[in-house]
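Below, each structure is written out as structure tokens.
In what comes next, chain A is part of two complexes: it sits with chain B in the first one and with chain C in the second one.
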Partner chain A sequence: MHSFGYRANALLTFAVTILALMCAMASLSDNLNSPSPTSQVQVLNINWFQKKLDGDDEVSMTLNVSANLESLFTWNTKQVFVFLAAEYETPKNSLNQVSLWDGIIPAKEHAKFWIHTTNKYRFIDQGSNLRGREFNLTLHWHIMPKTGKMFADKIVMSGYRLPDAYR
Partner chain B sequence: MGWIGEQVDSLKSMQIRQVLTQAVSLGMIVTSALIIWKGLMCLTGSESPVVVVLSGSMEPGFKRGDILFLHMSKDPIRAGEIVVFNVDGREIPIVHRVIKVHERKDTGEVDVLTKGDNNFGDDRLLYAHGQLWLHRHHIMGRAVGFLPYVGWVTIIMTEKPIIKVCFI
Partner chain C sequence: MFGQMDWQGQKLAEQLVQIMLVSFAVMALLVGYALESFQSMMLIYAGGVALTTLITAPNWPFFNRHPLNWLDQSEAVKHPKPKLLRT
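Up next, the complex of A and B:
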């Protein structure tokens, strides 16, 4: 009854239970954080805008992204994945989301950033619908925890418009 | 003579009782694991509610040996979500992030493009030959929860079968 194996088993079970409980509590504590991030994006320049050989429109643009995501970080945050997506509607598609830029923020010290960049991923439409198209730029973030539930949210910035002619 | 026979009988019955107890407790472990697994399947609506990360393509977010909890709901798929998908002709499901979504107005069908956070380019090279987009039926679920390191148990079990034998 009180052999070594029996006691080792009881100790292991107890340790694992406590660990699971602490993980659950750490994850639940994330709900107490109510973040208030801010962001601003400017389209500085349309570098080029053309119809590809297969008929799809493609744009290259220079962006200025500034954001303060410090309030997203808690003690259970491993990293924050942040990306900027262009979102628009076309006659055929009710929603198009095209990721233009993304980045990984490893710590709170880097969560207040300012970046000047061209689009990292190609901005290609399904078809030729981009001329004069109004679009939103949305800053999404995905909080990856050390353990537990993942959170995601976004800031929508509207009122951007592509030029009426290819260039 | 009778006294010895009684002793032997009682010893035999003791052993049978012990063996039976062990068998029952083993059965309890197996069935409770099965109940938890099937229960999770019902709750999450995904055919495999828990997956182990096998590659480093999502580092530093997810490392090899981490566990992801999946959820499969009717909600539409959106950019930024981490989805688990099966590609035709590949046995092992892949866990990557959605970077492009095109949703049809008339049918509601989606065209999805994915990319691993740690990979340089998008996933078109991983898809079946000539496939440009993922569709709804490729996607097994989206990741909602995360638990580090626990998946190493299954990785070690599958890659070094000797250890499994030692445990038993």
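Up next, the complex of A and C:
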């Protein structure tokens, strides 16, 4: 600890090590949070429902997605990435997941929302299995932290069914 | 203005660094968590690091209150090193 440079170096190294520990503690504090999110999705309209030229089914729908994700936010939350996936079973695949919409929620103030939209991403099946198909709409989210561990979870909403015939 | 730092001063400087940085870290964490503000934690800690650097890094005079008084050259000459006898 003899010279200015020696002391400054030792001090700064120690300071950065402590900073790493602080970030670890901040991330651990996220485990104290017990979130209680809610969501609801209405399929307002099936706009069209066709078999494409390559043989795969495609459907376009208008959705109303509403959710309250305020309880997901902590002091260590950078943003919440949320997406809505249609999930269903076919003879060939035990689980099909198709992302229909996604968004980024930058702050708690924007976490209670509703959105009236057609599906942002195309709902295309691997094959021609969608007629009369029952499906779930699952809201998935990733809580992206400022530092540390990312938490992901979902809410499954079931009871949706596609039309029996193309339109 | 800036001279040397003596041994006691170096020990004091090291203790100050450790105590101050840990204290500011704990304070920053608690305040940040209580205010739900990550930025508060970072600002308090950054301020703490700056303050600690200011107090401990330069050779302030209060780090040199127990200087070692080396023997003067003229005095040393009067007391030559004893010669080794054949063992």
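To be clear about the criterion, the second predicted complex is superposed on the first by the 166 of 167 C-alpha atoms of A that agree within 3 Å, B and C clash if a C-alpha of one lies under 4 Å from a C-alpha of the other, contacts with A are read in each partner's own complex, and residues count from 1 in each chain.
Throughout what follows, a contact is a pair of C-beta atoms (placed from the backbone, for glycine too) under 8 Å apart; a residue touches a chain by one contact, two chains touch by 3 or more.
Values in this document were obtained by computation on a predicted structure and should not be read as measured data.
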Exercise. First (chain B), second (chain C), both or neither: which does A:Lys52 touch?
Worked result: neither
Who does A:Arg167 touch here: chain B (first), chain C (second), both, or neither? neither
Worksheet item: What is the contact status of A:Lys149 with respect to chain B (first) and chain C (second): first, second, both, or neither?
Response: first
For this session: Answer with first, second, both or neither: which of chain B and chain C does A:Leu11 touch in the superposed model?
Result: second
Just to be sure I read the superposition right, which of the two partners does A:Leu19 touch: chain B = first, chain C = second, or both, or neither?
second
One more residue to check, A:Phe83. First (chain B), second (chain C), both or neither?
first
Winner on chain A touched-residue count between chain B and chain C: chain B
Dual-contact residues of chain A (chain B, chain C) 146
As the complex stands, chain C meets chain A at residues 5, 10-11, 13-14, 17-18, 21-22, 25, 28-29, 32-33, 35-38, 41, 45, 49, 52-53, 56-59
In the complex, chain A touches chain C at residues 1-2, 4, 7-8, 10-12, 14-15, 18-19, 21-22, 25-26, 29, 74-76, 146
Listed in rising order, the residues of chain A that touch chain B in the complex are 23, 27, 78-79, 81, 83, 85, 91-99, 102, 104, 106, 121, 126, 140, 142, 144-150, 152, 154
Touching chain A in the complex, chain B uses residues 60-62, 78-82, 97, 99-105, 108, 111, 117, 122, 143-148
